[in-house]
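Structure record follows, encoded as structure tokens.
A, B, C and D label the chains in the order they appear, each numbered from 1.
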């Protein structure tokens, strides 16, 4: 079993890497593209193996590669691997048919495997630099997926995405510099990272932090949180997310929202110092998280593109997880429980959100509903299940995740619990409302893409439907396998689903009621239609501001440059003219009277000198 | 055969003079024979003396028994041999070059035509010149110096006028007047020295106590005269037209060798006979040299005539030679071997490089039939070897490594820095840059391909090779500097007193 | 006033006069003449050189020098006059004209011995 | 391990292996193409082989020395130790690649004889300079390099080429003069010009006359800073862009700029000694200057549309990483600086190769013309992307390793201010490289704007252009990906620092 696991570990990362490497070479490309959709299969196998036998914790080391690559599979990794691999396989299959006759299909899959390599790699990474390496690979390859459509909108989204991503990378890297200084280049997760943190923090009286890094500790943690927050879409660093997720091809959006933003979360969970409390930072994280949970909902309600709505819902959901992370940072003793909760949440959200995004694609590719009622109802059912899960309806993974998060909070207790619990409840209601909004917008889009994207030609929409259904099913089963999957993570035993039936039901009902109320009243609805907030809310203001700033500076610089050049030219001319006159005069030195006086002068000079 | 080494000296002086007589005859064969004899004798003399001197120090030989105290005698030490070697080296190349440069003069009619006169009289004049130069380097008494100086001056001036243009004639005439006046100053100095010291032998004079006004005046007069012949700064005006007007081989000889003759005498007087003289005097020489470096370079930058440019560069480079003097005798007393080797090595490498440049320039003007920088565009492609010869020569002049110029500059700089003479150090550095400036100006025109020269004459290979070989030697001097410099040290104690 | 001083003074005077002529007179003949006068002055000084060995016999060396000097001077003068004549022939005037165009030497100077 | 060759004249052979072909080619006729190319290639391969031998020897602990006395107290000395080999290997390998590239790039263009002759001489000077065992030898090759590259810069013979060459000479020659002056001065002060690990100056002597020694340092720095294109004196570099692509590649990646950077290394470590340099504040000055140049160059690069100018300014910025690294006392920083000597070389040469392929095959010279060019030139643009990402510092490409070592090393030295500089430069690099990549891949091409010379049999352009480009790109990737193994540039740099022969 262990041997198999190790092989699979190597394959899980190796397969996509090899495919990505093969892609540039023309003869190999068709094959590579053909295999790309299934490149995540080994990873999925590995995840299942791990699920069956949690004891199997394979690890690999390649000291010659990079600065020493380390791969490994631990419980947390296992959990995320399950999600990641599942989504990649589903999305891969989905994309294969979705892009059946897309001229840029080859390019898409080239970047697809590269992104996948990064994503799987960072899940399986066992040390800091390996993680960073894969994280970066994923980030930059994903850019290609975002701008796949190549229209202005996509390129703009891509630009915003890459700018923010870079800022994040830089923040992370600067934090890693500090960690590396404290603990060396090779930092395996777990004890070694903790060691580095404690050395960086220093021990008052025992040993000081590294010279020059006194008091850097909070900053470093802050940079790390901030850096990953970009990827995790925590407000206000979420700006790229509502732009990028909708414009990307459906499969890619599913991945972005489902797994890639979880990479940020993963970063937090892997690298932050759990065993040293960072109260200040923790407070910030929790508040921001909670705020994000609301902010996402509000902004999302003002959108009318289903994918954008989903994107904003992702933002708000990541808010919840951020709260969990904050709890970890706040109180090391609650860490295990909170960790479990966050992991639950990530998995649940990943699967559900992935399913929903795919459903958008399916919807748009459906033949006209008029003559395909069967399809229509399948779609509605398939949307309802993950939507309910997200809303946290009873008996769904959502309820499960939310309750475990709640447990963590209650464990934390104190004012935090008192404040956060109701807040999150309201936010959950908002989520429901948002999902209703999503369903409504989706209904308007059904069959929208049928003409141009002819999924029908590719043997009916089955190619799209099956992967989608897989995810839906996975989401449906989630509560049960989650329970089996998690004990190793050291969290509390999976909470029974009945015990908090009401609290789970409450927000859903509230949300639905609210939605119903609004939809019943055309006046309110109309007034709501009035407020449109462009996707990427704050960004719009920011861009306007920048445009103002740019122009004057440059023209000034130019003028200065020109003035300088003119001046130097004039000077040159003057000097040359002067030299010419000298040169014309020089022969005169031999003219009789002058020569005489020169000789005389020299004679006198020498006489004086020699006297 | 066993020879008293001093016979080599006699050979060095008499050989070229006799060869000159042979060449007077005028037919190509005679000319070739004469040149061959001249080359042979000088090279042999140089080689023999080199060995002898480096084996057992300086050599003396009283001519006709007029020894000490009168001392009409031949004298050879490391310095003399170095100058002899320089002359032989450059002379050989120039001689070969000249045989090709003046074209075919086998018909008598051509020979007697004004154009042919150049061809006819170059060789004899040059051989006389050669003899007199060797004589100057080998003579141990100051009156012989005067006589030889006159021979040198006359043949040099005549050489300028070989080019049958009004400019050449005027320039040559002016050169003649200046050099005659210079000789007169020198002779007056000789007379005064004899009255004071009662001897003509430089070594003898060196042993006397030459305090008091009269020797000082004598030194001043001699220096003035020689400075005029060496075209030290304010009296340099005659040089550019003269050197530019002469036929190319002539220009090479004048710029590379002739000026060195009078410079050599100044060195002998100040360093050996007067043992440094007065510090202020040295400073005057150095400052004038410094001005010459800057002035000459700037003038060179403003020329459009290629040969005139090179001539002005000679003015500038001679300035370097005079910068040597204040460095030789540091303010604190004592003696700076760096300055000594550096200065003389600069004389040597300048001779080689400058000759290479003038010969190359000759080939260029020969090809485009115009002495104008703007006219040589495209030469770099038509005559690559000539182009490289000019370039390498120029770079050596500017002290770009590896080259003799670089070694010389390094030594001069070192002596300047050691004495804290920052002014001199900066001057030397800046002078190098200015040199680069005008050398590059020429190269820049030569590589220019925009306009093709209208008339382009094929250049004989021998001319190209002569220039190139000199340039390569200039390069080589930068890699093997140890031998020539060790020779300098071998030549007995410097200075004598 | 010793004869030496006297002769020396006279010699120097001649030298100066000759130099004056060379420098101030534009005509080449005067210049050549001036040079000869300078030489004459020097010879005068040499001849006045005090006897070195014994006071009765004059010192032969200066006389030898003077003789040689005269020979040289004659030769030099000859050459100089010859060249002066050629200058006159070429430029039409027996002067050292200064107005040789400086920055345009290219036009009328082939720069090599052929024409 | 097999016994090591102990030919002390191996360094000389390395130098000659390009000198002899260079001179020989100079006397060839224009149409003797086959002979010319084979001479070049033979020389290049020979050099690589010889360097390989030396590498093995030095790896086993040997040191190769060759000396020739010029004057008493002055000698030409070539020393092949680990530090020298770092640079020599770079130039040898890249010369081989560039030669192939140049043969393809200049096919049926005029004056190739001159070009290839000086091309070889240029590398001769570089290798000689890399192995120079003392300042005297260094100066000689440093100047020789100027003269070997000048004809390459003005190769096109166009007015702007001439103008650029003029500027190039004004800058480099003035610097050369300063260097000579400084060298002589140093000899007078220290009594020797020989390079020695840890420097040749005593702390005590320096502390007696700090001002004098600092000005001495400034003079020498002025000498090397021009070629290293430090801020105030970088002006020649972007203008020298008129040269043909292979030349720019060589100038910017290997020969000239690296000579300058290497000079800084020698100055700080082999002459003054880094401790002394820190004591007298010289190293601090260098670090500050380098940091400023890093930012300045990147900012200037932002607004360039001409691809090669953009790359040039990026060189200005990237180059200072080397100086920045070696100016610190900590081994990691020094390793980072040294290894960037190689990494920057490989990545930058790739970028210039790409620029060359585009301009040669499609007449595309501006970023604005590059829209969608990746569809026509996938391999080239892939290479470009790899190199550009490497410049930004994206793992696992070489550039990241340099950055990592620099950052950690700087923090080790307690210089926190370096981190913002590094990161800002990363962001700026991204700001001017990523748009190029984006437009190349994702904008719609307008083939009318291209003057397409067509594909070759196997590749998108002449194979002699594409293959070298891909090879260097792979090198850039490999030297990052396999940074952990001892023979990688990183490993070698660590070896140098460990042996403390810096």
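The rule is short, and it goes like this: contacts are C-beta pairs under 8 Å (C-beta built on N, C-alpha and C of every residue); 3 or more make two chains touch, one makes a residue touch a chain.
Treat the numbers as computed from the prediction; the structure is a model and nothing was measured.
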Highest contact count belongs to chain pair B-C
In terms of CA centroids, furthest away from subunit B sits chain A
Here the gap between subunit B and subunit C, centre to centre from mean Cα coordinates and rounded to Å, is 24
Whole-angstrom distance, CA centroid of subunit B to CA centroid of subunit D, is 43
Separation of the C-alpha centres, subunit A versus subunit D, in whole Å, is 37
Chain centres from averaged Cα atoms put subunit C and subunit D apart, in whole Å, by 65
Multi-chain contacts in subunit B, i.e. residues touching at least two other chains, fall at 174, 241, 302-303
Each of the following residues of subunit D touches two or more other chains, namely none
Each of the following residues of subunit A touches two or more other chains, namely 580, 583, 586-588, 590, 595, 599
The chain pairs that touch are A-B, A-C, A-D, B-C, B-D
The subunit A residues in contact with subunit B across the complex are 579-580, 582-583, 586-590, 595, 598-599, 601-603, 605-611
Interface with subunit C, subunit B side, in the complex: residues 70, 101-103, 114-115, 118-119, 122, 143, 146-147, 150, 153-154, 157-158, 161-174, 176-177, 180-181, 184, 187-188, 190-192, 194-195, 198, 200, 241, 244-245, 247-248, 302-308, 362, 365-366, 369-372, 374-375
Within their complex, subunit D touches subunit A through residues 303, 378-379, 382, 389, 393-396, 401, 403-404, 407-408, 411-416, 419-420, 423, 426-427, 430, 434, 438, 441-444, 480-485
Subunit C residues touching subunit B in their complex are 4, 8, 11, 15, 18-19, 22, 28, 31-32, 35, 38-39, 41-42, 45-46, 49-50, 52, 61-62, 65, 68-69, 72, 75-76, 79-80, 83-84, 86-87, 90-91, 96-97, 100, 103-115
Per the touch rule, the subunit D residues reaching subunit B in their complex are 26, 68-72, 74, 76, 111, 114, 136, 139-140, 143-144, 147, 151, 154, 157, 159, 162, 166, 169, 173-174, 176-178, 180-181, 184-185, 187-188
